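Across the two complexes that follow, subunit A remains constant while its partner is subunit B and subsequently subunit C.
This part shows the complex of A and B:
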């Protein structure tokens, strides 16, 4: 074999190794029987997986993360669905600007968003930690909601709304009767994407978390600074499999990849 | 309300933003009439239809239906049905649910609803497709669902947007027959929009030819086909040789030409290719193109009058390219145009 024909397989192997490798290491480490986070694992046990469920701060931060992921995504959809509708159905002046502004949280680094929110909103206005986190997560998920819902709206003919109106429905009624049922798949996909994005969010949450109120990833970092045992690896593995499970189910039942 | 104006448009002006699409349009339609709005794209026919449906706000003027002013009545309260060009069926609902949609909104439930929907499906021959989704039907079947969905609402006026243009030739004849049958059975007033003159001629009681946001001519299919009033209508319905008239003489690219026979008084004259006499006559032309169309043969002639199209029986001996021919434009056969543009 010459160098040329080796190039593609070798590149492919390296890419996969870099993507999957760390994940495999963490999974292996979480079954370790040793006292410290190490690879290769020393022996095999489920004790660190069991320990995850006994750490109290994990329970509280998991509940907080879950609340933010569900609540923030729901709020982003409540704002995002009408926004997407307006962007896709009406020729609004400045629609492109709105689209860009709404997408900004995807492009701007989270650390900047977090710092900005902390410095100019949270501190001067004395906003509560939970509220600040909730607003931040809503803003972070909004671009995904708008993008995914817009895509499914663009695939839906707008004349069915006129047809519904001519059959006696109001404009708003037509939206709920014939638009919503036909973009349900897009909304579900946006929800899942938003949920995963919010749940895995670190930099913004890092800035906004405060005493007693933390999201799970922030809590894991804090835990590792004090205790260097494999329970964080165990928790990471559990979360990774949860995410994979959700996305797999979504693809299976909703055709997720059509919308994203 | 007189019988002649069941639906009337009075000085109707419609605009998209500042662009006026239809200006000062007057039209009276009788109850139970089948009207075609005919014209090229951009003539305002679809705009007019949307204004009748209430989907487009009226800038000025009035829409009156069955004695009531509809100008400001919202689309969902007008009792006007519309069969969209794309059919616009609700993709998430079955055929049955599509047809039931409007009736349910009226508050109809139970046996009464079922009877109505079944009757509607039966009338378009789709009873056995009730549980299918629109995506599982052919284009022709989808259109019949759209027709049934509008007709079960018993609209005062049924509008159809290019009802035949998406169908293949065989289905087109079927749908044409279907529309005429529905119209005869229910007596509903129908208005359809089309850019196809053959469709309008075949289906309509009266044809409204539109151009540039205004009505060019209203008449029966025979009127429109045989007696176009303007060069625009003449051109649209297949008169290929159209000339303005000046002091009884034809204004052509080769100068003013005297016609054989007595010159009529009109702004212009128009001949179908079939009306051109080939073989004899005062004019001379050279065959530049020829095409065989089964029953007939068409010739494109280079003449001192400009290009002339002639059509003769295919059974007659053919003329070769480059052949010199005598021909005539008989004044007695020409359509008299009162308007030349």
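This part shows the complex of A and C:
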């Protein structure tokens, strides 16, 4: 083998090792039997995996993150689907402004969104923490919802719904009976992308978390600052496998990557 | 195209008003706070105060430096990796691209946490260095710029590789062999052929990586600790420790200006490319 034919495998090995290696180490460390986080793991046990399920704050913050990811994404879709439809099918006055406003939360760093909401909405209007987090996560997911749903609407010929209207269907009926079934894959993909984005999100939630109300990643950071045991590693591995599983299933059944 | 304007507005306004109310208005007020004078009227004294503080200067320059460094290094590694991947068989190419994208699905907290195990006092790197006799006492790698650099590079390298893969794939297949036949060495091939033809991909990848570094919170928070701050962690500290909202507003403004500038550049490049494509 000469130097050039070695270049490709060596480069790929090093890059993949750098990108995936740390994750494999976390997985290995979570099966450790030892008291502290270490690699190579000391012995083999499932005790830290089991412990994750018994930590009360993890249970509460997991439930909160799940609620925000599902509820926030659903709300973003309820707002985002009609907006995408208007942007792709109508001569909308000020279309560029609408597009910029709904996609702005993606450009502005999350920590600023969280701080601005806290100071000018949550505190002056006495909004509860859960509602504030819900609103923040909805705003965060909205750009993704609009982008993915718009992409699948643009791929769908608009003359089929015009035909439906011409044949006597109402505009609304045409939307639900003709358009919706055809963009179902795009909507599901938007949901999954929004779910993963919201679930992994930290900066937006940072300032909005209050006493006893935290999202899971914020809780994990707080926990790892105090306790140096492998339970955060165990939880990280579980979550990673969960999100990889969801994305793989989405790719397999929906052709996720066509939309994202 | 439907022409009914009222219908269009009714569909689009709920989303636009929601985003404006919970996002745009609060952020604009937050940014304007940094320009408000305590005695009434407008002033930029908060900005001159901010930049006259040495700690703030250090943090500002460190953020720019780490962002630039991560962008450059990820471009160098990215070209090598993307070049290797596009030269694979179609099946292997898909699997390799999948492996590059995979880390993006994993929670950044988990990905950053792994570096504590690797770089910590009893971590793998220190174990290896001590076993090899390179150092007696464990090195302090965590809570340093090096640790943040490694963490950010690992976090954002996939974005650069993906951008460069699609740029390299859109390059005419015979450009490199042609340049070789005409006598160019590999350095000239890269500098005079590959780089100009993949410039857009590089700019897109570079913008994503650079803005990612500017606005990353988790990595500097976990790997930099409370001493080695970046703009994002400084902002958090100003609010939660010092209650200094004016300074937080200044940092927010700096971050937004930089990430908007990067995004405008990105949009420019994207439209220029679309124009090129639509030409027959």
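Going forward, the second predicted complex is superposed on the first by the 243 of 260 C-alpha atoms of A that agree within 3 Å, B and C clash if a C-alpha of one lies under 4 Å from a C-alpha of the other, contacts with A are read in each partner's own complex, and residues count from 1 in each chain.
Everything below uses one rule, namely that contacts are C-beta pairs under 8 Å (C-beta built on N, C-alpha and C of every residue); 3 or more make two chains touch, one makes a residue touch a chain.
Remember, it's a predicted structure, so these values are computed and weren't measured experimentally.
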Partner chain(s) touched by A:136 [first = subunit B, second = subunit C, both, neither]: second
Touch count on subunit A, higher of subunit B and subunit C: C
Which superposed partner A:37 touches (first subunit B, second subunit C, both, neither): second
Touching partner for A:182 - first (subunit B), second (subunit C), both, neither: first
Which of subunit B and subunit C A:206 touches, first, second, both or neither: second
Contacts of A:155 with subunit B and subunit C, given as first, second, both or neither: neither
Which superposed partner A:164 touches (first subunit B, second subunit C, both, neither): first
Complex contacts: residues of subunit A adjacent to subunit B: 157, 159-160, 162-170, 173, 177-178, 181-182
Of subunit C, residues touching subunit A in the complex: 1-5, 7-9, 11-12, 14-16, 18-20, 22-27, 29-30, 77, 80-81, 83-85, 87-88, 96, 99-100, 102-103, 105-111, 113-118, 122-124, 154, 157-158, 161, 214-215, 217-218, 221-222, 232, 235-236, 239-240, 245, 248, 252, 255-256, 259-260, 263
Subunit C-touching residues of subunit A, taken from the complex the two chains share: 7-9, 11-12, 15-16, 18-20, 22-23, 25-26, 29, 37-39, 79-80, 82-83, 85-87, 89-93, 97-98, 101-102, 104-105, 107-113, 115-117, 119-121, 135-136, 138-139, 142, 146, 158, 171, 196, 199-200, 202-203, 206-207, 217, 220-221, 224, 232-233, 236-237, 239-240, 243-244, 247
List of subunit B residues in touch with subunit A within their complex: 53-55, 75-78, 80-82, 84, 86, 88-92, 101-102, 105-106, 146, 149-150, 153
